[in-house]
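First chain written, first letter: the chains are A, B, C, D, E and F, and each begins at residue 1.
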Amino acid sequence: MKEKYVRDLRPDSQVRSTFLVQSKERKTANSGAAYLDLTLQDTSGAISAKLWDYSERTTPAFEADDIVQVDGYVENYRGAPQVRVRKITLCPPEEVSLLDYLPRTRRDPEEMYAALLERVRRMAEGPIRALLLSILENPALAEKYKLAPAAMSYHHAFLGGLLEHVSSLVALADRTADHYPWLRRDLLIAGLVLHDIGKIEELCFTRGFRYSTRGQLLGHITMALEIVQAQIRKIPGFPDELKSELEHIILSHHGKLEFGSPKEPLFAEALVVHYLDDLDSKLEAMRQQYALDQDRPGDWTGRNPALKRELLKPRQKG
Amino acid sequence: MKEKYVRDLRPDSQVRSTFLVQSKERKTANSGAAYLDLTLQDTSGAISAKLWDYSERTTPAFEADDIVQVDGYVENYRGAPQVRVRKITLCPPEEVSLLDYLPRTRRDPEEMYAALLERVRRMAEGPIRALLLSILENPALAEKYKLAPAAMSYHHAFLGGLLEHVSSLVALADRTADHYPWLRRDLLIAGLVLHDIGKIEELCFTRGFRYSTRGQLLGHITMALEIVQAQIRKIPGFPDELKSELEHIILSHHGKLEFGSPKEPLFAEALVVHYLDDLDSKLEAMRQQYALDQDRPGDWTGRNPALKRELLKPRQKG
Amino acid sequence: MKEKYVRDLRPDSQVRSTFLVQSKERKTANSGAAYLDLTLQDTSGAISAKLWDYSERTTPAFEADDIVQVDGYVENYRGAPQVRVRKITLCPPEEVSLLDYLPRTRRDPEEMYAALLERVRRMAEGPIRALLLSILENPALAEKYKLAPAAMSYHHAFLGGLLEHVSSLVALADRTADHYPWLRRDLLIAGLVLHDIGKIEELCFTRGFRYSTRGQLLGHITMALEIVQAQIRKIPGFPDELKSELEHIILSHHGKLEFGSPKEPLFAEALVVHYLDDLDSKLEAMRQQYALDQDRPGDWTGRNPALKRELLKPRQKG
Amino acid sequence: MKEKYVRDLRPDSQVRSTFLVQSKERKTANSGAAYLDLTLQDTSGAISAKLWDYSERTTPAFEADDIVQVDGYVENYRGAPQVRVRKITLCPPEEVSLLDYLPRTRRDPEEMYAALLERVRRMAEGPIRALLLSILENPALAEKYKLAPAAMSYHHAFLGGLLEHVSSLVALADRTADHYPWLRRDLLIAGLVLHDIGKIEELCFTRGFRYSTRGQLLGHITMALEIVQAQIRKIPGFPDELKSELEHIILSHHGKLEFGSPKEPLFAEALVVHYLDDLDSKLEAMRQQYALDQDRPGDWTGRNPALKRELLKPRQKG
Amino acid sequence: MKEKYVRDLRPDSQVRSTFLVQSKERKTANSGAAYLDLTLQDTSGAISAKLWDYSERTTPAFEADDIVQVDGYVENYRGAPQVRVRKITLCPPEEVSLLDYLPRTRRDPEEMYAALLERVRRMAEGPIRALLLSILENPALAEKYKLAPAAMSYHHAFLGGLLEHVSSLVALADRTADHYPWLRRDLLIAGLVLHDIGKIEELCFTRGFRYSTRGQLLGHITMALEIVQAQIRKIPGFPDELKSELEHIILSHHGKLEFGSPKEPLFAEALVVHYLDDLDSKLEAMRQQYALDQDRPGDWTGRNPALKRELLKPRQKG
Amino acid sequence: MKEKYVRDLRPDSQVRSTFLVQSKERKTANSGAAYLDLTLQDTSGAISAKLWDYSERTTPAFEADDIVQVDGYVENYRGAPQVRVRKITLCPPEEVSLLDYLPRTRRDPEEMYAALLERVRRMAEGPIRALLLSILENPALAEKYKLAPAAMSYHHAFLGGLLEHVSSLVALADRTADHYPWLRRDLLIAGLVLHDIGKIEELCFTRGFRYSTRGQLLGHITMALEIVQAQIRKIPGFPDELKSELEHIILSHHGKLEFGSPKEPLFAEALVVHYLDDLDSKLEAMRQQYALDQDRPGDWTGRNPALKRELLKPRQKG
């Protein structure tokens, strides 16, 4: 259990807590002495740190991406807090929870997951329900599904981001299917639950977020297909046509070839998955940018990297 | 009141009814005699017609786009019905209702319009509500708003299509704002009611659908701005910021420069207007294509011109 | 065994042979009598045919894509031969060989396949060789691999086209690997043998060539992955890294996102597969165009649809 | 009246003059003492300045974009002059003329404006002349028209730039209409006078050049339409067709959708406005680059941001 | 000397004149008899013609692109005149002037050429003048320069079109250089005289316009370089820098790589050549379209193939 | 003869050798004293150097791109070797060989050239062989051909790079022509030998690699044409058709207009030249990147600028 979070560190105070080492660089001071220039991070943010008079012999070994116990003092450096490290030791990984050290959803992943499962269980019996449950109730998949970010950056780029994104999409899909009752609701919901499942293997998120080598070679769309095909093989009598339709929804959800979908959406539910996914991602990116820049002077936010433009901040309340 | 509709004409029967002349061409038979090759249309469809032994002196004058009273006999020509015209006379325009002669919404425009007005009246007092009512309660604008198609082709290309499209969008926007409660609901709804209002002047729809000359020179986005600006001038104290935001929503609703929007959406409600408009248009285009091709053999519809692809017909019910 | 081929039909002679019905249309003559307008085809070409005085009651039933026994007389119609059908009856499909009725490779598929197998067997023992043999020696896959065309049109669009294309590519790869000895030759050859294997399910080729519904939804790249993954699951201890590399070669072989590859080639052998595939396809398209237009007057061929240009015919011999 | 210009400041001399504060940053010296790092600007250029031993209590308040009276000493810092500020006080805005502090046209705006007015007055009586005079003789519009830059950067990015650009265009249009006498000269000239008038509200130019919020939301094309439409409403009987044509010229003057024109030029004068505008802008950008780099060694200028290329410097005189 | 032009042929009259055979097709009448379906053309237009009861033995031999003497009768066929040919014989090519049989400039090529030469002779002595004269006074080049069309279609696609286009450009360039006096006028004029000179070999225009084989392989830009380089080699001491600049103007005059210019304009005169060429071509295409459609009902012309849009016809006179 | 290479310099040792001055900048130390900040280079790499207490009067004059004799001491600066210069003097250019100072092929240019010549001499007698020999045996051209790099960066960007690239291509072409025996082998080889010959004038490579002014204005494709045309003029009776084909191969070898080829390949050998050139360049760029990053941790290389992507490093040996 972490004792103190980066967000709460104030200059001129002692600090003793655990952190993730985001970066570690050995440098030489003007005096010629070696020191370590570190960035320490936890789920609340990141802070610069210095370990002066560094020597490989006396300082315990640790690397970037390790979790460490730090004992030090918070100073004010050029107007920002910075930790002067007195003592630093490696933490055993089994004692820590990732959610404490990486950016994470503000909501409870377990609760979101339970709600998602509950929604799927309310579906009519049939192959779609069977497939979704075989995936969501699979412990290995479930553990990753709860933690995975939805993207490396841009939107929902935090632990639990995939789940938060999908939860929003499923609720939005229910409203959309209420509005267009001729849509096949269960196919739509299945498409949304599965469309980004490849992210759980495309991305590495047990430390800083990174693409896995296989993720970089194949991409999450192809990886999602393999996961879903493996589950379908376990369900006797799963209809071939339905299988093709689900695979197509996954394949086409980026909407265009140049965005990495080798097929464009060829039926209504595939089109809706693409539009809702795109809309929810972009609105979340906007919401985050508004929050980030709410105290920034002027009418405009900074440039949003997902939308590649500055945004007009909301003025009057609608 | 029309007596008979194209859809109901059967070979080997008499016909006496009014029609819109879609096309009229003077041709010469192998015998050397002149005849008229006509296409007659009403809201239910179009049919080929021939007037043999044509002479300018004896046949009453009429042109394409006129409404005519036809007296004739329905024959079978190469497997399709065709009218052999005995007598044809011009109909006075004031006696006919356009809704009988052009493709039209299956719903009642008056009812849809009343529902839209009622929704707007439920808004909180304020400049947005005032603006929308000043437009929707303006008799000249209202009359056109009820009849305008939403497009020349592609989607909602029928009388009342604009209203049907907007009615769907406003209801969808209410669901979307329920889902994302931080959106400014009234701004969103105003954006949707106004985004395509330029269509009422961009398109001519009192006969076959055509672009007006001014519509072709300026486009419906620019024309919508002029209509909305004119109404805003009549509302004392309309906030400048709100005016800019509404204008921006209209301007940016095509989403990209290459689709004719000189600005991309720069705040959340503008983005949502673009996405919902695009989604509703494409789903309606898909729905129409499914309906058109439901009896076509095979898994696929014909090529849909709006989506530029064949569509997989819905198979199992969702 | 077919008795006579389209290529050999001459005006003013009897014909009695079997053909594939490419198209069949019921028409009405000026006299009002019904007749059938047919196109008959076999591997050597296609010919127009007429069955006059057609009646559903007396003429045996058959449809487009059926193989029929035809008894008739070859006439000259506007300078081209045309069959006047006297008698037409359905042929039982089990009695015919597809190779007689569809455009096909000029080479012997069995021989090409044997040579390909022999080349693979010469590889060093290991997972690549094991995978290729498990596929090429699988009777169900082998049967399709021997017959599949390499494309719907453009290049190698004939029975055995896939195999002819792959055989050329494997030989070209051996030469290329001789030239660049640092390339991993077996990975390259495996990539070429597998890159288009999805075509055996993307295309239907037991009658006229068509996309299968699943083929249109997923595309041959995605289908190739599923076939290869299924075979790899049967090989214990197949290395994960090698699996990812083979999958990547298949995925990236179109070279660019806009050509349907969700990933661009990320290592040398993937790049070479893309280039050789592209070069061999385009050279074959050119070679076919040269052959087609060798007697055409002037310096240029007609427009080649694969290359989207006219070609300069080869003049002096190099 | 400014006493001294940046261009004339020499190291090792006293300076006492007024400047616009381009940027102001509070920094901390190695000694721990606070100081201000400033950039001071006037119409002749910009210079770095330092105010050492800064304290909020004793230094008079001022911000970036203010005009200040500076008392100091010019030093040589790393080969460039830099002001060591002794005393700095805010100047009342009503006492200064913008033309002294911002980059500006080398020509006299009043003279250019008078010439433009005179040219318009020479037109034949009629609605075009009436419209142009109603705009050019409107004092509020005239004041802005004389000062506005033609762009944020790229070309004519200085006070009076719009007027200089339009003056050049009108003279060029007269020559072009002499060459192509079938062009409607007055329509062409009106199009050029009005095409960029939206810049007077799209840009803020009373301090450093910036986009206004409304400018960023709507763009100068849409803003020009509103200005022109407002003037046309005041002219009784202004022909509808002419109004549409002028609006179209404004709308289409960027030539292509992807450059922000929702319509491409649809008649000859609109096409000519687009070409002349583009040519004059690019030639001015080239001329400025040649002037800037005339002493640069080698055959090439630096990269020109408007043309996105290096330019060959003019060698022999033509 | 031609006796009668297509434009003057009236139904129910004899015709005896020479024409160019635009197309010739052997057809079979319903009766089984062979006849020739011809299109005859001269500079004023084209007309359909029939030679009934055709026999290879009795009718004199001629081919498409030959010039023939025709003796016949003009009939009315479906409302249009058509020649019933009685007698047709080949004309010796040396007896005819191309200008009579192909679309041609309305102006006198000799006069235009003389004016162009005169303009060049007015240049200051120097290498530019020397080069232009060496080309324009070269009889072989001059003969082609006077006749070449400026394009296959789109603009100035008639005999003398290149010369008409260049004459317009040179006059326009003089006006432009008056306006921008810092431009190197002679370089500009030389660039315009030479930019399209490759057309004289890219196109074949001694009969119907066609690309030459070499023209299709290399394009007129590359061919212009070869012509110009050959002339420069004959001028001792021609400056290297000037040579490069002229070559660059020719190379870059299409403005962008995707329009076939391997380099974009890199100095002012090259830019101006590109803009003037583009403007003059498009204005001429517009002018031709206006002329063609001046009696067409409605506000719009038909679709212009060069500009790929319909044009608004000029309404009020400017 | 160079005494010592950059690659062999070790901290804490004396150095006395010749180097090329890559860059030279006069700076001021904190103490106010002037010093020179230099980068010295030879074929093995580059190293930073400092000349302290610099004075224009006492230090011998030299500039960037000069070759200098340096006498100094190698220090360790921030973990990297750096030369403290004691004495520096200019070297006479005639005493040095470029191959010692610029990055160069690892192979012997003379040997490669001899092999290329020998291959050409083995061709059948005829105009192709005559042309190639006239070029390759021309001493002025040969000297440049042996030294020219194949590109400014990206691939073969070193002395001898063009020759190494062409040598590889010619050998690859022989293998390709063995595989596709219907290709005109000599035309293919001639195309490859000549396709990039313009590089010998487009690039300056007697010091750091740079574009020549003429190279930047015209590009190597246009320059290659001029070189080849000049040689062809010297060969009596060189066939026109063959000339056009060779010119076309050169012109089209970039494959697409947007890559600077004004024509796309229009016959088979031109297509093969484009593909082989592209493949060999990209494979060489990959090979270099693999070599550069072989000791870099992880599965991926750094971003390759030619391919614009990271590359997967080869893992198992193929």
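General observations
The working rule: a residue touches a chain if its C-beta (ideal position, glycine included) is under 8 Å from a C-beta of that chain, and two chains touch if they have at least 3 such contacts.
The structure displayed is predicted, hence computed values, not measured ones.
Contacts with chain A and chain D are shared by B, F. Where chain C touches chain F, over half of the residue numbers in use are shared by the two copies, so each contributes mostly the same positions.
Each chain gets a centre from the mean of its Cα atoms; for chain D and chain F, those two points are 46 Å apart.
Multi-chain contact residues of chain E, defined as those touching 2 or more other chains: 213, 216-217, 245, 248, 266, 310, 312.
Checking each pair of chains for touch leaves A-B, A-C, A-D, A-F, B-C, B-D, B-E, C-E, C-F, D-E, D-F, E-F. Residues 78-79, 299-300, 310, 312 of chain D touch chain F in their complex. The touching residues of chain E, counted against chain F in their complex, run 213-214, 216-219, 221-222, 225-226, 229, 240, 244-245, 247-248, 251, 257-263, 266. Chain contact summary for the complex, chain E toward chain D: residues 168, 171-172, 175-176, 178-180, 182-188, 239, 241-242, 245, 248, 264, 266-269, 271-272, 275, 278-279, 282-283, 286-287, 290, 309-318.
Taken together, the chain A residues at the contact with chain F in this complex read 28, 213, 216-217.
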